[in-house]
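A short write-up of the structure that comes next.
Labels run A, B, C, D, E and F following the written order; every chain starts at residue 1.
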Amino acid sequence: MEVFYFSIALFLLLNVLLGLVRVLQGPTPADRMLAAQLFGTTGVAMLLLLAQGMGIPALRDVALVFALLGGLTVVAFVRRSWIVPDENGER
Amino acid sequence: MTVSAWVFDMVLAAGLPVLAWSVLHTRDLFKAVALFIAYGLLIAIIWVRLHAPDVALAEAAIGAGLTGALLLDTLGRIGSRDTIESDASQSAAGERDQDKNA
Amino acid sequence: MSQFQIYGLASVLIFSIGLYGFIVHPHLVRKILAMNIMSSGIFLLLVSAARRDMHAIPDPVPHAMVLTGIVVSVSMTAFALALTRRVVAATGVAALLWMDAPVEAAPIAARNDEHSRDLDRVADPVAADRDDIHLSV
Amino acid sequence: MWPILLPLIGTIFTFLFKRGGAATISLVTVSAITLAVAGLTRQVLQHGEQYYAVGGWEAPLGIALHADGLSVLMLIMTTIVGASTSVYAMGYVFQGPRAGSAVGGYFFWPLWMFLWTALNVIFLSADIFNLYVGLEILSLSAVALVTLEGKPAAIVAGMRYLLASFLGSLAFLLGVALLYTASGTLELNSLGTRMLSNPSSGLALALIMLGLALKTALFPLHFWLPPAHASAAAPVSALLSGLVVKATFYMVLRLWFDVFPAIATPAVAQILGALGAVGILWGSILALRQQQLKLLIAFSTVAQIGYLFLLFPLSNGMTEIGLDAWSGGVYFALTHACAKAAAFMATGTLVYALGSDRLDDLPGTFRRYPLSVAAFTVAGVNLMGLPPSGGFIAKWLLLTSALNSGQWWFAVVILAGSLLGAGYVFMVLSRMLLDQPQSIADSKQARPVTLTTELSALALAVFVFVLGVTATPLIALLRIGAPF
Amino acid sequence: MTIWDWLSTALLLIGAFFFFAGTLGLLRFPDVYNRLHALTKADNVGLGLTVLGLAIQSGSWVIALKLLLIWLLVLVTSATAAHLIANAALYDHVQRWRRS
Amino acid sequence: MKLGRTRLFASDRTVRSFVRQGLWRAIALALLWWILLEGDRKGWWYGLPVIAAATATSLWLAPEAGQFWHPVGLVRFISFFLWQSLRGGIDVALRAIDPRLPLHPQLIEYRLRVPVGPAQIVLMNTISLLPGTLSVALHPMLLQVHVLDGRMDVQRSLQQVEAVVAELFEIAIEQ
């Protein structure tokens, strides 16, 4: 079964690397952020597969952090980077 | 180590330098930061493969997450154009044009 | 190839890529990214060395070192980014361009930024006296 | 343990009370640290080298501390320079980014206490990774202190300093990683015994030396130092030139003699010595060409750092001659710390008073600010290496070991450096003592200064002469646990 | 292999297919708004199926619950993130693609 | 602080509801802790103080009693959501692998019937995961929705979703 888990994880990894093409192509900053989000979701799946494949339960906690992280990055991006608040703090 | 795990490692290890290179050599800084976040997550998966889940946890949370957020915040303030390079090339082009006119 | 060899090789590559990027790019944010990449290369070397013996339990010391290192490098990055903003506010450029050119203290960018406002407010003769540094090195 | 813990506690409290009482808290901390260092000194004098595992955790995961004569001497140096700088800073007017509200002054105290923590961590560490952590804290707080001044020049200089020291830290860390991979230990002593001469250790030596040389501003890696030291606030410049550079030099010394003797060949030592020699000449010549007072002193620091590195070729062979060179180098660091800090403090007072740090604006200062001029003069005597200053003893030890070991060219460099040093010191002094009509010092434009600043600088400068007298017991202390 | 193993294998395979479809959509769809559809929906289903397949194999209720919790977390964050990105894109006047 | 206390403990009834809130939250957090530690028994030693602290923090930050979801509504919502999001995934996956790329995107406006508040937020997020719809901007009573295929009857399915969400929050909406 481990071989199978690793194969699926490998497939997902290739998927992510493919998705990075979108970061390179853009064209808008939003498109680039999408890929980061893709990395979040797919990373969670990969980590869960590895947790079972490698027999390390702690990896599920890492997956949990990944899950939180995708959202956090997008929020940071939208609020702070893309649309910069002007003097009044309004968008 | 099974073959699929070995291939997984190879793909990770090959993808990382490529990603590092593109972080440092893409034109747009914003693109570089987005790639850098992806880079951090890839590193976190490598820590997992090297049986260091504690390091992976720290890397994902503060290495990729916090650093990424800080970088995005900074770019929001100072703009994401790599101004120095583009300004230099623009002024060089301008000079060339002037030469032509003269 | 064992994991140690695979990732050890990758770590050397990454460190070199980071060093090269650090040297060729003048933009400060890019330099900071390069630093992070370089340090991740070192961390990778340490953690993969801890995995040299694939069947033993990994050595915990490098893990502790890398954990500390990650915290250190994040705080360094945060500080460097904050300083970058102040450099931009003070000189209008996100790079250390004026090695020997005196800066006409005219903050071009980020007029509304609090730092540049503070610069305008400096009324003290010593502070206002721009000691432009000429380095003849 | 206490020398590290006390400044850390001081950091926290000065940060909490930065708007009131920070200076008082610092003074209390300084006294407490003085007591702790005195206690440790007594222990080392009576019982020799001390080892201590924090919280009872043994290496490798715990934090191991170690104190011998060298580290105790460094602690004493830090305490003396630190105490007088603290007194000086109480009377100094900080030019923060928000001029008038002295924000720079508020943050000076916690940052300075943090810097002190880092210094003591470095001096007491018995393991190489702790050294790395100390190094990072050191650069972080040092850069933050430089940028306190808030002027564009200070910010840009701070940024350059940050990048340089970050690069140095990375080289150092990579070296540490290589060492650990090769030997499986982080402890300095066991690293030294397990050191084998192979390419990996050689690379580690090169990387660590490169990183530390960058941080110590050894020629030609000194480019970041003059702008950073010259554009910082006066007490900060004193700390940077006096202590921070010495801490990284201490690390070079420690690692060279404790960890690397197996692979540190005479050839490498000669390279370090040659760079030091070029640094002496180059730094002195550039100091002579400066028109700005603080920049001149900063370039003088570059020159004086060169002397420190002469120790490596001169002490090679580890004989009695080598021991002289070793003690001479360390004593040079000690006296230079006091003299250079005093010089920066004295000139800082004058720069504040005149509102300018141009040499041409100095005339007449001797009449209005005699104490500061005296402090600079006394410190200058040490920089030249004239008796009876401590600098003379240090240079004498270096000079005799150069002649005794047959490396006369280093003796020539030492003498030439002294002459050039005399040149730039007199260049400043002659302007200060010039009696010129309509000088800034005599006009109403010149500001009054506090007695605290003038006296603390003078006291530290005079202390250099005390170091000249007390050389014998101090060098005896230094030899406790010496690598020879 | 038991029937559960077969089921788990099938779920993981289908889940991987959904991830692939999501990436394909990310690359092929013409504008940000459409790509957001592809990414959020397909990847969430993919993750859901993966979680289900792994939960079957985990052999413990608590672990199954934890996997479910992680999935829920991803659902909430990705829905919020998708909305935020779409909202910012609209505000920033990112052109919508129309079939001509 | 004083003001808050007087308001919180104005009457016996509020005290009782406050305590009940705290109990419910503590139970929920304990469950969460149990799941996170994967049933590890040793974790309770430091788990209990953590749970107590977390409960106190949550009561301090949000002292108002949260609304309980209607149980039948919750079951309906979950089953509806799971089924529809599976459909949504299949729909978009098929469009992504279809070589002709069958997209007919449109930006439509949908007049909301549920009131401003948590119900609208839940609705907004749910819509983003359902077949062919993505909420783009939320105005007080109007939702802008991006639709993958404008030829589908989106208005009707949106009304369906809204009905399910309304039932979850026990809100009566006119049909």
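Just so it is clear, a residue touches a chain if its C-beta (ideal position, glycine included) is under 8 Å from a C-beta of that chain, and two chains touch if they have at least 3 such contacts.
Note that this is a predicted model, so its numbers are computed, not measured.
Chains making contact with chain B as well as with chain D: C.
Touch-path distance (fewest steps) from chain C to chain D is 1. Legend note: the chain whose CA centroid lies nearest the centroid of all displayed protein CA atoms is C. If you average the Cα atoms of chain A and of chain C, the two centres end up 24 Å apart.
Between the CA-based centres of chain B and chain C the separation comes to 13 Å, rounded to the whole angstrom.
Each chain gets a centre from the mean of its Cα atoms; for chain D and chain E, those two points are 58 Å apart.
Shown for chain A are the residues in touch with two or more other chains, namely 16, 33, 35, 40, 57, 60-61, 64, 68, 82.
For chain F, the set of residues that touch two or more other chains comprises 36, 38. For chain B, the set of residues that touch two or more other chains comprises 49, 51, 54, 73, 75, 77. Chain C meets chain B in the complex at residues 1, 3, 6-7, 9-10, 13-14, 17-18, 20-21, 25-27, 29-30, 32-34, 36-37, 40, 43-44, 47-48, 50-51, 54, 58, 63, 66-67, 70-71, 73-74, 77-78, 81, 84-85, 88, 93-95, 97, 109-110, 113. Within the complex, the chain B residues that touch chain A are 2-5, 7-8, 11-12, 15, 19, 22, 26, 28, 30-31, 34-35, 37-38, 41, 44-45, 48-49, 51, 53-54, 56-57, 60-61, 64-65, 68-69, 72-73, 75-77, 80. Chain E contributes residues 17-18, 21-22, 24-25, 28-31, 33-34, 36-38, 40-42, 44-46, 48, 60, 62-63, 65-66, 69, 75-76, 79-80, 82-83, 86-87, 90-91, 96-99 to its touches with chain F in the complex. Remark: chain A residues 2-3, 6-7, 9-10, 13-14, 16-17, 20, 23-24, 26, 29, 32-33, 35-36, 39-40, 43, 46-47, 50, 53-54, 56, 58-59, 61-62, 65-66, 68-69, 72-73, 76-77, 80-82, 84 touch chain B in the complex. The touching residues of chain F, counted against chain E in their complex, run 32, 34-36, 38-39, 85-86, 88-97, 101, 103-105, 107, 124-126, 128-129, 131-132, 134-137, 144, 146, 148.
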